[in-house]
Amino acid sequence: MKCYIGIDLGSTTTKAVIVDEGGEALGHGITNSRSNYDTASKVAKMEAVISTRLTLFRQRLKCTPELKDDTSQLLTELERCFRLELFLEQLEELHRACANNAGTVSTVDDRDALREALEEIFQSLAQKLESLFAPGVARKSNFFRDLAGSAYMQASEEVAKQTGLSFDALLNVYDKSIIQVESRPPSANLDEKFLAALDRVTEETGFDRERVRKPVQDALKEDIEECYTVGTGYGRVRLPFPKEHIRSEILCHGLGAHLMYPGTRTVLDIGGQDTKGIQVDDTGIVANFQMNDRCAAGCGRYLGYIADEMNMGLHELGPMAMKSTRTVRINSTCTVFAGAELRDRLALGEKREDIIAGLHRAIVLRAMSIISRSGGVSNEFTFTGGVAKNEAAVKELRKLVVENYGDVTINIDPDSIYTGALGAAEFARRSGTQASLATGGNPS
Amino acid sequence: MAVKDIIERCTELYRDLEFNAAKRWKAAGSDRKVMGYMPVYVPEEIIHAAGMMPLGIVGGGDQMEVIHGDAYYQSYICRIPRSTIELGVTGKLDFLDGILFPSICDVIRNLSGMWKMMRPDMYVQYFDVPQNFADGIGGEYYVKELEHLRDEFSALAGRPVGDDAINRSIALYNERRRLVREIYDFRSEAPWKAPTAEVHLLMRAGLVIPVEEHIRMMQGYLAAAREEDRPVRDCCRVVINGSFCEQPPLNLIKTIEMAGCYVVDDDYMLGNRWLLEDLATDGNPLEVLADAFLHHSADTAAKYCPRKEDVGRFLLQSVKDTKAEGVIFSAPSFCDPALLERPMLADRMSEHGIPHISFKYAENSGQMQPIREQAGTFADTLKLWS
Amino acid sequence: MSKESEVVKESSMLMQKEMIADNYEALTSTAESGRKVASTFVPGNLNELIMCFGMLNNLPEINAIQNGMRKKSGAMIMDAERNGHSEDVCTYVKADIGQMSKGNIAPNGKPMPAPDLLLLSYTGCFTFMKWFELLRHEHGCETVMLQVPYTGDGVITDNMRSYVIKQLKEEVIPAMERVSGVKFDIDRLRENLRRSAEAEDNLVWVLESAKNVRSPIDAYFGGVYYIGPIFTAFRGTREAIDYYRVLRGEIEQRIEQQLGPVTPEDDMEEERYRLVVEGPPNWTSFRDFWKMFYDEGAVVVASTYTKVGGVYDQGFRHDPDHPLESLAEYCLGCYTNRNLPNRVDMLVNYVNDFQADGLLVNSIKSCNSFSAGQLMMMQQVEKRSGKPAAFIETDLVDPRYFSAANVKNRLESYFQMIEQKRSRIEAA
Amino acid sequence: MTTISAGIDVGTGAIKAVVFESRGEDTQWLARRNFKIRQRDPLKLARTAFDEMLDETDLSEDQVHYVATTGGGENVPFATGHFYSMTSHARGAIYLESEARSVLDIGALHGRAVKIDGRGKVLAYRMTSQCASGSGQFLENIARYLGIAQSEIGSLSLQGDDPETVSSICAVLAETDVINMVSRGITAPNILRGIHLSMAGRLAKLLRVVKADDGIVFLSGGLALDEGLRGALNDSMTKMKLKIDAKSHPDSAFSGAIGAAVWGAYRYHKLLEQGVLEKAS
């Protein structure tokens, strides 16, 4: 089938969306951005392909009467096992890289002790990751870097304590290795992994292997033909695409939000290091926009710094802020000073959750300023970008929007992080179908 | 009243972004009008004589969350206009009958035009002052501008504002100026008895309450503060310069004192003591006001200094009068007048062997640590080595 | 492109180059010639008056621009900052002060004489006042102030006019007589003003030529060259009259041949977007900045920056019959001395009269006079003209504040937005 | 008589503490601690450091005559008095390097240039502004991203032969800049050197502003031992025609704490003389 792909190479995450000829979204994928842009977009695309395959399975399964009722359980399990397969493979790579890099660490004299320690760390890592992928377990993040990273920190802190090896040295081995692992393009044989995952699922859950295998194989046989790709986002100029395949992220976000909610007139996007306020008309065309520049104060990365400072996962910040009873007013939202500010406040005896709530409010206030600058909020209002996943930010935003602009519809889609990529995919579809029309192709 | 009570009342006024005191005053009479003005100086006497209450607006301070203000101002413009716009956009200044934007810098100047566009229904006046200090040139121009103002206010008030009325107001404001001077002198003599945060609050209160009430308030404070027994701390004496427009957050003022510096003179809320001496109450009042403005008024960076050798004279005098050990140049970020003037003043201080330091702030500065460190090091140095 | 137009195109440029070089030559050889130098600012610059005393006119803003375009301003600014000048203040001032401390070398490589008179035309910008105080502080030159009241209500009142005239008569002219040793001759002034008016007519014609769809000029990037003579030391001179006559001839030809604006690389191929621009340009990356426009087929058809040194397209002309009054009116009417509602009116009219696709605001960090309030002006223009606007932020001569990637990102998005809108209107 | 004083420097990145014994001009170290703050409460950490030092020296708390805090330590409850960072870094610098005539303190978030005289008196100073671009913290983050240990930064940076300048003024955006560089294949040494040069440029500018123009500039704070930064600094100073020499000392990180301890001892005697010891703070 003909597919059109949009890739949004953001400053923190890279997203891909695949749509079919009718503009229907088939799948989306995300990964953390990294210095190898090519790999980042390949991985995001691969993730989107996986998600497309899952969509196709769903369609097949729905048509398989005896499995129809178990569709969602099956898919969840399949995805879980599939991810585990992917992770174990990456973990293996990381393990190898670490072992190699252990020889290059200059600060440690006893290399053998270091290698031994690494073995121990990786043993506990494999266990931990497997348990993270056990049925029904909530994960901090879906990125290998994050999951492996925090597990590695924990494990190595313990090992360091036991063996007297320097924690910094162990950390260093990891830092060296993860960047290598991340730069490698993803391995290609997805089909095999799907089948392996399927085996695992049937083993663990007792589904009839043969009966499930057929629709899965059918779905895998379907050809995903990549017709046209459009890139957008912060890193778009460095994407290996010709100019006409690149669109400004403002336009993509506007269009993407329009596709999700056709009534959208105002879009707010808070990403890793930029915040955009966009006004669109009833066809998704951008009428006005504003964004921050030169200063990343109050953007998504800010939360990242805070999370690091508190040794928490990004997704834990929102819930913690929700517990606050009293908001602390925070005036400086310099991302880099965030940690210092937090410590300052803690020293003054303020409560963690109150401070965190104050920080969220500060971010949203800044965003409100940017929206105001772009022309205010008109009905309907759509909030997109990574920070839209954060419930505390959403809560503050709702409050402030209502206070300042009255009763407007506020749309937040759980997949809002893909808004830009969706817009890009739609641009790809438009260009692609036009191109094939022009060359006499048959667009049906 | 005890110092504590007076200061509490001032703090309440300082925090009240709804300007309830002025609203109450206005509500007490059907013909009462409130005329807002931006820093630094406007001839309040004429407003007062027209039966109106002058209301000084110095932004939103660190208590206000600015949401719309940033839609009007780029990041490299000082804070006060954006929080003032915020006050306007959120309707907090709707009760004003008019607003004056005195000539101080291009930001406030342009704000006058923004206000005209934002509130076409309101009386909005840009008020230019002479930078030529010859009676026959700048003086003549200024008197005509004052006449214009008086005529406009007469029209607003619905009755002519006569010379007698203005003279009576001048007398009242003379009283206020005298008290303000007294408080500053008192603090300079016994800075431990009148912490700058208190003096600042007291001066700030004067912007938002009727002048008669401010006079009573200052009398009360002076009487009470003299009685108060407060410990003397090991601090050095400094003069603050550069803060005549946007005001620092109260925490910053406290930080400076806590870091070991007694402030013995400053240019916070300079409008209250813009005219330096008592004014005649029996002359042609507009000429009297003009004369005081041209020849007996405070110095700020917003004024032109016709003679090179006079630059910094005012500040030097203040250092001498208050026996200060050093000068802290503390200006709002992006404040053109203060920051352009600073190198000249700093040179003057160095010429006279007066130690000085400088830093910037914003009305909503949250991080006090760098300020504390700089003021503290300054104090350490003055203390350890004097 | 025809061979002919190439030749003609160059002649106005060459003329201007020569004029500027001659002026710097004159400025740097006062030791021999004994001529006196008055420094003053572009807005409210009283060139006709200065000429009456045989003095030379030196404009520190222009020096800063020259240093900016030669990429020398960055170091000068840092130098000034080291000496205690704040990062926050206008970079023209710091570039100027930095130039002084670096030996005050003129763009022709020769040392610039210290000015004999600082003519502080305090017109439309607060910074001017402190700028010359700072120069006086360091060099101790004689300074005379001419305060031009701000037209806060959008009108020039009698009080303002007579205040300016009075200052001219009682302070400025006596100071000039004192410094130059030349007696003031009002007929000489009238003569100069007559020449000014003649050149002004042609300048206005040139700027208005952008009303042609397929504009023959770029009224911003090209415009800054066109206003050069009249905004600087040449208003009231014979050379200026000649220059504008030649320039007009060239543009008449371009219109005839249906040519687009001249660019540093080539004539512009296709006119895809017509813009009105508010705010001064960036000088340190002037070429790169311009390229971002002509590469995309964007032509600036009207700009307010070309009105800073005098607004002529609204009917004002220097008037030999009322010499001092007309100097006063000129100063009072400069673009940044106008109140914001007035500036908005001008912009809305430009967008409409020049059939522009929208307004672009280039907001300059240095310049509060221009920048404070621009965001609101932009909203008003959008609302009243119905055309989209965009906002970029750069600086005049501080290279640290020109972020090419940022500016490009915004411009691209803006152009794509206009494009999209247009296709929608076509589709409808 | 012998005076025992303690200096505790509460930084944004680390806590440094020392205990000193002085007999007139004669001083000697008794103990020291340097704790990274990471996620812990700095005040508690200060207490831990102090307790550990008391333990190590077999002293009881009241045998310490003066506990001087510096940095962000105003609120340390067991302190006798507080000196502001630049005061103590100035004194610490003279203690470690008597020829120093200026100090460059490069910590986790701030840089400070202090001009001093031979007695450690602060003559002029300048701090980096509120914006954290080009701070130690930033360098640390980048190094981690590049997989480089802190101790390797210096030597790697010195190998950079074609440094790539970081254009962003914002530390956060600069991080992305760096990622961008990696994507273009710029080597780690050149990236680090680029960062060092841009930091050095900023720091040298601070030195110029305080008019530090002769003698030795003493590097203190956590980054003083980063030889790459030191090299870049010397280059930048040469370029800016500053004829001063950047030097550091193995104990550079402690200079604030040392200065505080030395001033503490001095103040102790002064207060004894004045008979106001009881209200020492």
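For reference, chains read A, B, C and D in written order, and residue numbers begin at 1 within each chain.
Assume contacts are C-beta pairs under 8 Å (C-beta built on N, C-alpha and C of every residue); 3 or more make two chains touch, one makes a residue touch a chain.
Quick caveat, the model's predicted, so the values are computed rather than measured.
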item: Winner on C-beta contact pairs when A-D is weighed against C-D; value: A-D
item: Chain B-chain D separation of Cα centroids, rounded to whole Å; value: 40
item: Rounded Å distance, chain A centre to chain C centre (Cα mean); value: 49
item: Per-residue multi-chain contacts in chain A, two or more chains; value: 294-295, 332, 337, 344, 373
item: Chain C: positions in contact with at least two other chains; value: 84, 375, 393, 403
item: Numbers and ranges of chain D residues touching at least 2 other chains; value: 72, 130, 169
item: Chain contact graph, described as a line, ring, star, complete graph or other shape; value: complete
item: Of chain B, residues touching chain C in the complex; value: 71-74, 76-77, 81, 101, 103, 105-107, 109-114, 116-118, 125-128, 130-132, 134, 136-138, 140-141, 144-145, 148, 301-302, 304-306, 308, 311, 333-337, 339-344, 346-347, 360
item: Chain B-facing residues of chain C, complex; value: 83-86, 88-90, 93, 120, 122, 125-127, 129-131, 133-134, 136-137, 140, 143, 145, 147, 149-150, 152-153, 159, 162-163, 166-167, 170-171, 339-344, 363, 365, 368-369, 371-376, 380, 393
item: Chain A-touching residues of chain C, taken from the complex the two chains share; value: 375, 379, 382, 388-389, 391, 393, 403, 406, 409, 412-413, 416-417, 420-421, 424
item: Residue numbers on chain B that touch chain D, as the complex places them; value: 259, 357, 367, 369-370, 372-374, 376-377, 379-381, 384-385
item: Of chain A, residues touching chain D in the complex; value: 11, 33-37, 101, 105-107, 168-169, 171-172, 175-179, 234-235, 238, 273, 294-296, 299, 301, 309-311, 332, 334-337, 339-340, 343-344, 346-347
